[in-house]
Structures are given as C-alpha cells and as structure tokens.
Amino acid sequence: MSTTVIEGVPPDPILERRELVQRVARKTLDRRVLVSRAMVGLCGVALLVALVPLFAILYSLVDKGVRWWSVTFFTKVPQFPSLIDPNAIGGISNAIIGSLVIDGIAALFAIPIGVIAGLFLAESDSKFASGLRTTAEIMTGLPSILLGIFAYQMIVIGFNEWGIKLPGIGFAGIAGSFAIGVLMIPVIMKASETALRGVPATIREAGLALGARRGVVARKVVIPTALPGLITAVLLAFSRAVGETAPILWVIGASNIIEWNPRKEMASMPLEIFQSATSPYVSLRDEAWGIALFLVFLVLVLNLGSRLFAAWLQRERR
Amino acid sequence: MSEVTASAALAMSDRPLAENRKRFSARGDSAHWGVLYGVSGLFALICAVFIISIVVSSIPAWRHSGLSLIYGRVWSQGSDSFGALPIIAGTLATTAIALFFAIPIGIGCALAIVHVIPGRLRIILSSLVELLAAVPSVVYGLWGLLVIAPWFEKTVEPDLADITGSRFPFQSPPEGVSLLLAGCVLFVMVLPMIVALSRDAIAIVPHDQFEGALSVGATKWQVLRKVVLPGARTGIVGAITLATARALGETVAVAMVIGLNPLFPPSLFSTASTLASTIALQFQDATPLQVAALGALAVILMALTAVVNWFGRRLVRGTAFRAGVV
Amino acid sequence: MADPSTMVRLSTEMSDQEGDPRSGPISVRFEDVTVSFHGRTAIRNVTFDAPKNKVTALIGPSGSGKTTLLRAINRMHDLTKGAVVSGSIRLGDTDIYKGGIPATLLRTRVGMVFQRPNPFPTMSIYDNVVSGLRFNGIRKKSVLEEAAESALIAAALWDSVSTRLNAHASTLSGGEQQRLCIARALAVEPEVLLMDEPTSSLDPISMRLIEELVSELKSRVTIVIVTHNMQQAARVSDLCAFFLMGNDRAGEQIEVAPTRKLFSEPDDPRTLDYIQGRFG
C-alpha cells in the first residue's frame, strides 16, 4: 500500500502509520513465526518428556515383576533358603493380608468421619468451618511421616504425662491403621465437601420445603445425590492409603506369617517393597518388583475403577 | 434425581405439614448439627493433639542442644550432637533440583495439553499424567534405586563430569545414589502435580482473550506468552508452591536414593540427607534422646511444609485441586 | 410491527448516504464463498462486495451464518479443526486464503471487535491499546504513544483515560471496555474493521455511543458489522446484506442492497418479512 504524494497536501499520519506497521510486521514476520513454531514445538516435547518416566516405570514393573506372579506368590508366606530348599522364596500373602487389615480398619473409621466432616463443611459457613477447611488442606499437604511419629507416640509407646495415661501397646497393625486413617480423613473431607456442594441448592431446598428436618434431608436427599462424587473421593483416598509407606515404617513392626489380629505386629505391601528393595540380597531386591507391580496394579484399578464407577452411576440415574 | 426427592417426599408425607415444621425448627435440627459439630470437633481435636505430640516429643532435644539444633553443622547420633544445618541444606538442594526441571517442563506440558493437543487426545494425555501422580512413592524409590541409580553411576554422572571437567558441583566420584538422583526422582514425582494444576489455571483463561490477541496479528506463542500465561499466573504460582511443599516432605523415595549422609554434600554426586529421609531412616534404633532429636527435625519439617502449603492453597483453584489429585 | 409507520420511522433514522454506496472502490470481495465444518455447511454461495470506507451490515435471524461469514474474513476459522472455506474472499487484489498472505499478517489489515469486550486483564489500558503494535515488532516509544492517542481519540475514550493510562483495563465499565477493544483494533491501522454484534452486551447509552463511532470511523476503515438489531443496521450501515437459514440448515444470501432501498423497497419478499418482524 503506497501513499500517494500530492503536492501541497501534508501526509496523512494514519496512512503513514499504516505503512509503517505493514513494513515492520512484514519484516519481523518470519522470525516471529519461527520462534512461535519452535516454542510450541518445545511444549510438545515437554509433554513427551513428562510421559517418558511413566512408561519407563510401567515397563520396568512389568518386565521385572510379572515373572514373580504365581499362585505361590499370592498365597504363601515368605520362606527363607535352607538346607532343605536352597531356592525357597515363598510369597507375600502376609503382606497382602496385612495391608488389607491395616487399610481396612483405617478406612472403617476414616470414611464416616471424613464424610460427616465434609458434610459439615458443605453446610456451614461459620468461622470454625473455614478454619477447619484450612486445617484439612494443610494436613493433606503434610509429609505422611509425621503421622507415623504421631502414631508411634500415641499408640506404640503410649503416653504418661500430665495425668493422662495411654498405655502403649508396642508395635501393632492398629497403630498403622491409626496413622493411615488420620491421613485419609482430611483427603476425604475435602473431596466430600466438593461432592456435596455440587448438589444443586434447589434439591436441598425442595426437601426442606416439604418440612423435613435438616438431618433427614441430608441423609435421604443430599448424600444419595452426591453419591458418585463421594464414592470417587473415598476410592481415591483409599488408593492413596494403600501405597503409603512412611506412616507405617516403624509402627507396625514386622511379621513373616499371616496375621489377622491388628494388635499384633503385621506386614504390609509398601513396607515389604521398601525392605526388599534396600536389602543386600539380590533375590529379595528382585522380588520387590513383583510386589510393586501388584501394588501399582491395585492402585490403578482403584483409581480408574472409581472414575468409571462414578460415571456409570451418573448415567444410571438419568 | 427426582426419584430421590420423591421418596423423601413420601417418607415425609405421612406427617402433617404443621408438625413437620415444628420439628424442623426444634430439636430435630440440633441432633443433626450435634453430630456434625461433634465429628468435626473430633477431627479438630485429633489435629491439635497431633501437633502437640510432635512438638512435645522434641522438647528433650531442644533442652539438650538449644537453637544449635537448627544452625549446628554436625549431626551425629554416635556423639549425641545434633546440628541440622546440613540436613536442611540437603532438603533445600533436592527440592531446588526437582523444581529446576519440573517448572519449565511442567508448564510447557500444561500449555501443550490445553493449546496444542487436539481435543480428543487431551483427556487421555491428562489422565496419563495424573496416573503418574497415583504411583506410590515407594515404587518411585524402587525404580530410582534399582534402575536409575546404576544408570547414573555408569553413564550420566561420568558424562556430566567429563562435560564440566569435574568442576563444582560435579566433582565427587560418581556413586549413583546421590543428591542429584534424589533431585531427579523428586522431579518426576512433583511433575504431575504442576502439570495438573497449571493445566487448570491455563484452561480457565477465556478463549475470547486468546482470539482477541490473535486478531491483532499475534503469533500463537506470543498469545501464550503475553496473554495466557500472565492470565494463569496465580494458579501456576500456586501449583509451584504446592509442588515445593510436596518435594520438601517426600520421605520414602528420597530415603531410598539419597544415601543418608548427614554431612554437607560437597557436590551433586555425593550422598546427602533430607529432613524427612533422616527421620525415616534413623528412627529404628534411636535412643529416646535421639528420638527427640528426630522429633525436632519433624517440627522443622512440619513448620516448613505447613507454611508453604498454606501459601499455595490460597492461590490455587480448579478441578484437579478439587478432585483431590493434589 | 407490520405497519407502514415503522417503515417510515426506519427510513428517517437511516444514515445519510450520497447516492449508491456500491459505486466507488471495493474493499472486500466475496465470490461464491461457502463455509463448512466437518462437512456440515454453515453458510453458502455468498457473493457480494463490501465497498471501501463504507459500513456494510450483515443482518438476519440467528443461525443464518452471518458471524461465520464475518470470522472467515480474518481467518479465525483457521483455529477450528474441520473448517473449510471455499470460494474466494479478496482484500483488494489478494485472495486472503490462497493469495500467499500469512494469517498473522492478514490480521493486521483486518481487525476485529468481539461480541463481549475482551481486554487483556493483566495489562494496563495503554498496554492493551498498543499490544497489537508490540506483537508486530514495533517498539519505538514515540510511535506507540502517538498511535495510542490516535486510536483512543478515534474510539472516543481519550478524554476519560488519558490521565490514567496505567490503570488496569478491568477498572473500566462495559461500554468503555468495548471502546478500548475498538481502540486496540484500530491501533495497528487496519484497512477493514470487523464487528461481531459489538453492542449486544452493552447498555443502550453505550450502544448509541458506539453506533456514532461506527459512523465516524468509516472514513478511516471499511467496516463490516454483524447485527441482529435491525434498527441498528438501519442507523449505521450504508449497505446491507441479508441472510437466512435455508431448508438445508445452511445460511444463504437473500439480498444485498443499499440500506435505504433494503428497508423501504426490498426486492425479495423474505427480506420484507424480516424487516416487518415476521422472523425471530
């Protein structure tokens, strides 16, 4: 676009600027487009880089872990090489049962407390509620090992100061349940609150308008409506609990036999992985992969399963 | 939805309305609130006892060493002298390494997911990255120790030493298990968090603004850099903050790959210690005084992560945050 | 709304035109333009010319494809997967799709104002206005400041904001924000300004203000405006293009005529129906 110069007429600033913009834009265009393509490409590379560890871990897990999976692995307790059977290695049924009991008990008390506290957060706007919410959020971010110390202090060695006497029961599975349960509560609380707040106000008000008490409304209307979200929340919290090692590191003791009694020492899958991986014996280090594969498998099933289940439930309701 | 309301209505309808209203305003409600407050109070009580028990458990150590617990440079169980400075240094160093990689790669990844990847792939890729978050830390430790450490020892660290001429901070003999390895394992662990939260922050920036920038002749990268990222700034900073808190407190994976060496790590290749890993690894056979000292480490760790977490939570909103990925 | 007095009212509100706006240079030329998404046609067989330095209004009920057509002019559909624009749209001599001009450069010549004001919230008023210039590589302060002043004056915003150019764009009211967006689009000195229902989210006073602006701006840029408000089209435009959704759910061009004629003696009976209020 060229400016036509007419004798005696001053140049139009607008047209001049237009020409300037076009000139500079054209000049810088190639570089700008090149930089744009390069940077956007780099972002794509970042995405690939982010996925590499995932596939690397999954590959290692399957490659080194699958060979351990056998009926013996899942049903027998660990055995040790002896003169009679120098290749004995046994299985991890003690750890599986241990995890089941410890996490099961933890869930048993964490779920009701978490959901009810979540309901409180969803229904109350008081200062106490917002303080509680902040506390829960901070708790979810704290290192889980602190909860292990908590369980150690409260349950393993007990408390005998300031007139309060709590008998310590030594290493026990239930100490692990306590630690993991306290870990789960704020996670369930937060997610429950979100799920419950997601229930449209109109539904809640409809229940109240019919003359029902708040408690009944909550139980018969709000919670059933929020059920998909609540189930997802619980399953996700549980899948996280199953993999936690730090809180149970030195509170549940150890056990090489199947132990159902939570007052005794128990084994647990994440702990087994930790101890096997850091052990000086090659075969034990190898076995850690088998356990780890199973643990990851469980966690993934819980994770994906919870989302699929919630989606299915949502659809069934229409 | 309607059938639930209907059944509630049916349950209520056998009582006369006036009587229902009376119940509504009277004790029926207070039972409900009683339970709610009771359970919430119980949780609050547990939290309070939790904090108190950790602080109290550390008192003998504070009496023994005073403030030198924090600035002392020697942590030796054998001689009962407790100076946590090298441990704090190790904690900060591993976190710094993790963030150094996780921030650019995480943000780039999030930008790619929202603005580069076509719609159908977006959900799949997002879920894959979130799957990384679901892997338990002990499995990361296992992988780091048995797969990455040997690789580091044989290939990566010698190569780095060659490239830099073994200058600081690459001068120690490669051992595999090291500060660098711990930092790298941490990087992989906090990456999904940064990606998920940044992705939410970036996705919230209205498409209108994206188009507005495009309409005056900006290239895609110019729009991302000058409009989208600044618009997502709060959420991204929040994501980084929360990731920092996570990295500071990560215990098991770090414990498995850092070697537990409570001296000042002279280089990236040497072994070191972090607050969390020291607590984890030294608890087993600790005397009561040593347990108290570890409790003191716990207090420092708790204070550090609580403060960082609190800042981060104030900045973050979004679906990943609410769904409990974080 | 079907009585002749309405027609008279519209006629008297119409902009003052000297003769047929179609005589004179052409700015944007459409030839058999069809836009489809994933095979589904949104608007088809559009052929007309938008004259230079005049206001062309695209009118018609919702679903008639007017916005789709507008967004094709600055290649916004490049962002949408599966969008196909066939036929030719010419800016001057250049076919904007096949003429080898990169979309980024095209958009410095064809600017756009959107339905809802979209200033950049993290930037100040000044930064917003000059953002286009900066994106295109212009850094010199004096140039930027002159351009900003010129654009803000043209958008009737200079008096309100000249003393607080560093304030955030969010401190402006809705109408002011939209004028800020107009200034932002004008700062790069485009030849054509596209406006997509620019007043539909604004209060009546702001709406009138912007309509006045449109009439003043046409000496500087060619304007193509989409509006579903007939009276607005009658007030501001020189040329009107009327579209309807056809039986195949694709928009089609019904009539293109000088505004005065379209609103008093349209050729097509469907146009008459529309302006008499028989369509939505």
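Residue numbering begins at 1 within each chain, and the chains themselves are lettered A, B and C in the order written.
In this text, contacts are C-beta pairs under 8 Å (C-beta built on N, C-alpha and C of every residue); 3 or more make two chains touch, one makes a residue touch a chain.
No experiment lies behind these values; they were computed from the predicted model shown.
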Legend entry - Chains in simultaneous contact with chain B and chain C: A
Inset, instruction - Please find the two chains that have the most C-beta pairs touching each other. - result: A-B
Inset, instruction - Please report how many Å separate the Cα centroid of chain B from that of chain C, as a whole number. - result: 50
Legend entry - Length of the line joining the C-alpha centres of chain A and chain B, rounded to whole Å: 12
Inset, instruction - Round to the nearest whole Å and give the separation of the Cα centres of chain A and chain C. - result: 51
Inset, instruction - Give me the residues of chain B that touch two or more other chains. - result: 217, 219, 222
Inset, instruction - At least two other chains touched by the same residue of chain A: list those residues. - result: 25, 32-33
Legend entry - Residues within chain C bordering two or more other chains: 104-105, 108, 136, 188
Legend entry - Residues of chain B that touch chain A when the two form their complex: 1, 4-5, 7-9, 11-13, 15, 17, 20-21, 23-24, 28-29, 31-33, 35-37, 39-40, 42-44, 46-47, 49-50, 53-54, 56-57, 104-109, 111-113, 115-117, 125, 128-129, 131-132, 134-143, 145-147, 188, 191-192, 195, 217, 219-222, 224-225, 242, 245-246, 248-252, 256, 276, 279-280, 283-284, 294-295, 298, 301-302, 305-306, 309-310, 312-313, 322-324, 326
Legend entry - Touch list for chain C against partner chain B, complex: 74, 76, 79, 81, 104-105, 107-108, 111-112, 114, 116, 118-123, 131-132, 135-136, 181, 184-185, 187-188
Legend entry - Residues of chain A that touch chain C when the two form their complex: 1, 13-14, 17-18, 20-22, 24-29, 32-33
Legend entry - chain A-facing residues of chain C, complex: 102, 104-105, 108-109, 133, 136-138, 143, 146-147, 150, 188-189, 191, 220
Legend entry - Residues on chain A engaged by chain B in the complex (per definition of touch): 25, 32-33, 35-37, 39-40, 42-47, 49-51, 53-54, 56-57, 60-61, 112-113, 116-117, 119-121, 123-124, 128-129, 132, 134-147, 149-150, 152-154, 161, 182, 185-187, 189-191, 194, 203, 206-208, 210-218, 220-221, 224-225, 232-233, 236-237, 239-240, 242-246, 249-250, 270, 273-274, 277-278, 285, 288-289, 292, 295-296, 299-300, 303, 317
